[in-house]
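Pasting in a structure now, in structure tokens, and then I'll have a few things to ask.
For reference, chains read A, B, C and D in written order, and residue numbers begin at 1 within each chain.
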Amino acid sequence: MVQLREFLTNLFANYYEAAAMILFGIGFTSLLMHRNLVKKIIGFNFMDSAIYLFLAAKGYITGRLAPIITDGNTDPRLYVNPIPTGLVLTGIVVSVSVTAFSLALTCRLYDKYHTLDIDEITYLARKERD
Amino acid sequence: MKNNSFREKLRRFVDYGSFREEELKLPRSPETLDTDNPENRWLTTVQNSEKPVRARLAKWFTHRGVQVFDNLYRVAAVFICLTLISLLLSVVSFLPRFGGADNPAVNEVEERYVSKAIEETGTTNAVAGMISAYRGFDTLGEAHVLFVAACSVIALLRVDPSERKHGRLVDPELLGEDMDYEPNSDLILRKAAKLLVPLAFIFGLYVILNGTSSPGGGFSGGALIGAGLILNSVAFGFQRTERFFGDEMYHLVKTACLTVYALLMAYFIYMGANGFDDHVWLGVPGNIISGGLILPINVAVGFEVACTMYCFYALFRKGGL
Amino acid sequence: MTLFDGILLAFLLICAVSVSVTRNLLASVIIFMGFSLIMSVIWLTLEAPDLAITEAAVGAGVTGLLFFATLKKIHAIKAENGKPDSGAPEEDGNRDEK
Amino acid sequence: MELVQSFPFITIVFSLTCGVFCAVLRGNRARTLCLSWLTVTFLMSLSVLLYTLKSDGYYIYRMGKWNAPWGNEIRVGVLEALMATAFSGVMLLSVLGGLNHIFEDCEAEKTNLYFTMISLLMSSLFALIYTNDLFTAYVFVEINTIASCALVMLKSSGKTLVATTRYLIMSLLGSGLFLLGIVMLYGITGELLMESIAEKVREIFASGEYSLPLTVIIGLFSVGLAVKSALFPFHSWLPDAHGSATAASSAVLSGLVLKGYIIVLIKIFYRIFGLSVIVSERVSNFLFLFGFLAMILGSVGALRERDLKRMLAYSSVAQVGYIYAGLGMHSQAGMVAACVQILAHAVTKPMLFIAAGGFMDVSGGNKDMASLTGAGRRDPLGGAAFTVGAMSMIGIPSFAGFMTKFTLTQGALQAHTPLMIMALAAIAVSTLLNALYYIPAVFTLFSRRDDGKYAGVRARYTPSYAGATVAFILLNLGFGVFSQAIVDAVSRGLAMFGA
């Protein structure tokens, strides 16, 4: 029982990371399980946003400001960790590129098979080949 | 009849090619065979037993196997994701505290980015300094990820200009009627766009130019300008945007920006690696001309992102710029 | 753990679950755009203004727009508006042959 | 800092620019630009290899004014240079070999985009080989993913679209898990450079503090990159993707793209965690088990296939199983076997796919074995290349494939007994299975009893196809004959590959 309580207090302390991980699970589920292609792509976006939330939460330090040095005071103890922000900036552009590519694929697939259901499309493609 | 000698069987097993229905004069498939005729019944039994194990195995996999796999897949997917969530949550409980000042992530690497940002890269925005100067190679790769995605979307959705040449589409059915331009977008949109589009451009340009001294930079500024372009084409139809931003302009801007960016980075990295001083004036930190190479890099990335975003929209809507 | 952060994170999870639950594609895209706006607010609370601008401009802006363009392209929106589908493209009216 | 030392950086950055220019040029001008740049990168990598062999050590090339933990850096040693040379050479030959297919399969004005994807893929492979920073590896893994999906999709036919979508979805799952691994590792160590992560991991492992997170991180890396490199349980996307793409694309995908992800995994295991941590975490046993299953069931899948290209794709799954079996033997010899298999498979499989493309030309464009009967006689060069490839896959001595099985057996003999028995059994069974589907295929290709449908067709040899097949045969024989020199180079490279 003690372990469970300790587990929950830890989880409560890292609430940003916990929420990010639950979001990651939901995104991973919908990417894996949903048959509708658009839902899959939205699931992928959730999964990626969850990872970036987790990364940005790693860089946050309570009581510190964003790393914009306006008043010339470059004492690092005043500012948040800039590395995760830079990595997430790169990541967001990666997610946009992959989303655009997969949406273009969805359009072409709908053009050809008139359905968004990936299993039906695979069945039609296999039937088309025989 | 075929001789069932071992050599013949081995030859048939070894040599795929000869195993074709018409050569062995076997009926095409057992179902179509009328089994009441005594002579055929004998053939079906021979044919079934003779059919090599591989074909029977393949037949089972393609028909029965798929349904079994399907519902197995559903249960397995739910199971995988629940275990994944619980595993990750248990890992999160062991990780260092959120927001703690003594986390392992707060070390001398991070301190240098903040403390030395101004004197080494000439930027007051430590994040811009980090992604463009310190870790500039990642962002170079980053700009090319967007470029690859733009090329693939072009390859997928681009429709030959000859089919769209003379204004009205040759065959709306061929391209799907959603391709026709927005003939009469309503008044509210046009009035709002008349005000917002110039604002979006100015704000986007501001965000790009001030990338080195305030939050922003190439990607966000470019996306803002891209959104402005899209709003302009939605409100006033594609002809107005095509006048100043057509296919050739898109290719020109994209290639120019990416080449300038790659050349700047190549010069910066080559000089840095070999220890030469690259004589780049870091400018006065705080105002627009600051951050040495970071300003031209931000401008190049900004315009590349802007025209890529518009290109995505134009490709989805009318299959070409 | 301020209340404000809690509400934002709870909203994120509700958005994620509701997208998997709703059957209507248009609704799920709108929910996704809401999700993206909330994400940019969360970036602000995490002291990352760069991400807030980028996420707002790119997440809700361009990605949401591409989803709408896809839905329009596959007539999902037109079918919902109750307008009779003006001649769905016939079965093999597609561009690429084998 | 001699000029040679900055060649790796030049090949990466200017491959990107070559991709940008190819997108703007016309089809055949893009082809000449891309092919000439690939030759230049091959020569540059060769000179880097000679330089590293001569100086017999690795050097750090810092990408910018600041040293490692602050700025990016690439690390060039004998193993990296050898891989880069082999990869660029094989890429050049594959594109040359499949050139006429590229112009036939892609739509007229989209062939230049094909060469864009090829050069961007080349740059991301170089970056994955050389990089010494985890997040740079992630960015170039993304370029690799999108470019390889685009390569499959550029052949305009319905089937490739479906194959690309499934490939893209599985690849996104893989890179999602891989990124989560990087982020968690950053969370507990605070570093992104491989050497400094290794220091922190050693401290953490010694203090036993984050034991569960460390195991989960290793698991995430392995599963994420295994999904992307089509290890056995996650290989469902590979036969469709590699089976339906053009000859040059499936050659590049099977031979090189799968290997890029495995090289990143080797770096993570070898340089960040070190063999001792991997062994104690028992992750390598799972990898060995999956590799073992892949070797057997991949070949069984190939046996079942009637379509030549899908059969070759299934055999790729089996060969990836060899690599993971080598990785899973958690010993130096196992690692050497894995790297040798990466090189041997990179040299052999593209040759088979190019030959398969040639056979499709002479048998009316269909790929099933029935209509390919006697295709080897109609296209002698392709037939010779296919036979050499088949021999090397089966592992006949003096061909490239033999040294893999040889080094793998050496590695197996050093492992502890249960592993050794499983490994030796797997090698024997999979060699037998390889023979069971390659030899009938070669017989069919050269059998005299084709039904005359394509009897009169003679392969009209374009210089690129002929040159590529001959060069592939010589490369394979060269690998086979000088295998001991290559194994020594690989083991020397691996010795300094670690932290």
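Here is the rule we go by: contacts are C-beta pairs under 8 Å (C-beta built on N, C-alpha and C of every residue); 3 or more make two chains touch, one makes a residue touch a chain.
What you are looking at is a predicted structure, and each value in this text was computed from that prediction instead of being measured.
Asker: What chain lies closest to the overall centre, CA atoms only?
Answerer: Per-chain C-alpha centroids ranked by distance to the global centroid put B first.
Asker: Which chain's C-alpha centroid is most distant from that of chain B?
Answerer: In terms of C-alpha centroids, the chain at the greatest distance from chain B is D.
Asker: A-D versus A-C: which interface comes out with more C-beta contact pairs?
Answerer: A-C
Asker: How far is the middle of chain A from the middle of chain D, if each middle is the mean of its Cα atoms, in Å?
Answerer: 28
Asker: So how far apart, in whole Å, are chain A and chain C when each is placed at the average of its C-alpha atoms?
Answerer: The mean C-alpha positions of chain A and chain C differ by 14 Å.
Asker: Rounded to the nearest whole Å, what is the centre-to-centre distance of chain B and chain D, using the mean of the C-alpha atoms as each centre?
Answerer: Result: the chain centres lie 22 Å from each other.
Asker: Cα centroid separation between chain A and chain B, in whole Å?
Answerer: Their C-alpha centroids are separated by 15 Å.
Asker: Quick one: which residues in chain A touch 2 or more of the other chains?
Answerer: 15-16, 22, 24, 28-29, 32, 57-60, 66, 68, 83-85, 89-90, 92-94, 96-98, 100-101, 103, 105-108, 111-112
Asker: Mind pulling the residue numbers of chain D that touch at least two other chains?
Answerer: 135, 139, 142, 146, 149-150, 153, 158, 180, 184, 186-187
Asker: Which residues of chain B are in contact with two or more other chains?
Answerer: 88, 90-91, 94-95, 103, 105-106, 109-110, 113, 125, 127, 135, 138, 142, 145, 148-149, 152, 156, 176, 215, 217, 219, 312, 316
Asker: Which residues, counting only chain B, touch chain C once they are in their complex?
Answerer: These residues of chain B touch chain C: 125, 127-128, 159, 173-174, 176-178, 207, 215-217, 219-220, 223-224, 226-227, 230, 309, 312-313, 316-317.
Asker: Which positions of chain A touch chain B when the two form their complex?
Answerer: 7, 10-11, 13-18, 21-22, 24-25, 28-29, 32-33, 57-62, 66-70, 72, 74-77, 79, 81-86, 89-90, 92-94, 96-98, 100-101, 103-105, 107-108, 111, 119
Asker: Quick one: in the complex, what on chain A touches chain C?
Answerer: 12, 15-16, 19, 22-23, 26-27, 29-30, 34, 36, 38-39, 41-43, 45-46, 49, 52-53, 56-57, 59-60, 64-66, 68, 80, 84-85, 88-89, 92-93, 95-96, 99-100, 103, 106-108, 110-112, 114, 116
Asker: Looking at the complex, which residues from chain D come into contact with chain A?
Answerer: It is residues 135, 139, 142, 145-146, 149-150, 153, 158-159, 161-162, 164-166, 168-169, 172-173, 176, 179-180, 183-184, 186-187, 192 of chain D that touch chain A.
Asker: Sort out for me which residues of chain C touch chain B in the complex.
Answerer: Interface residues on the chain C side: 48-50, 52-54, 57-58, 61-62, 65-66, 69-70, 72-73, 75, 78, 86-87, 89-90, 93, 95.
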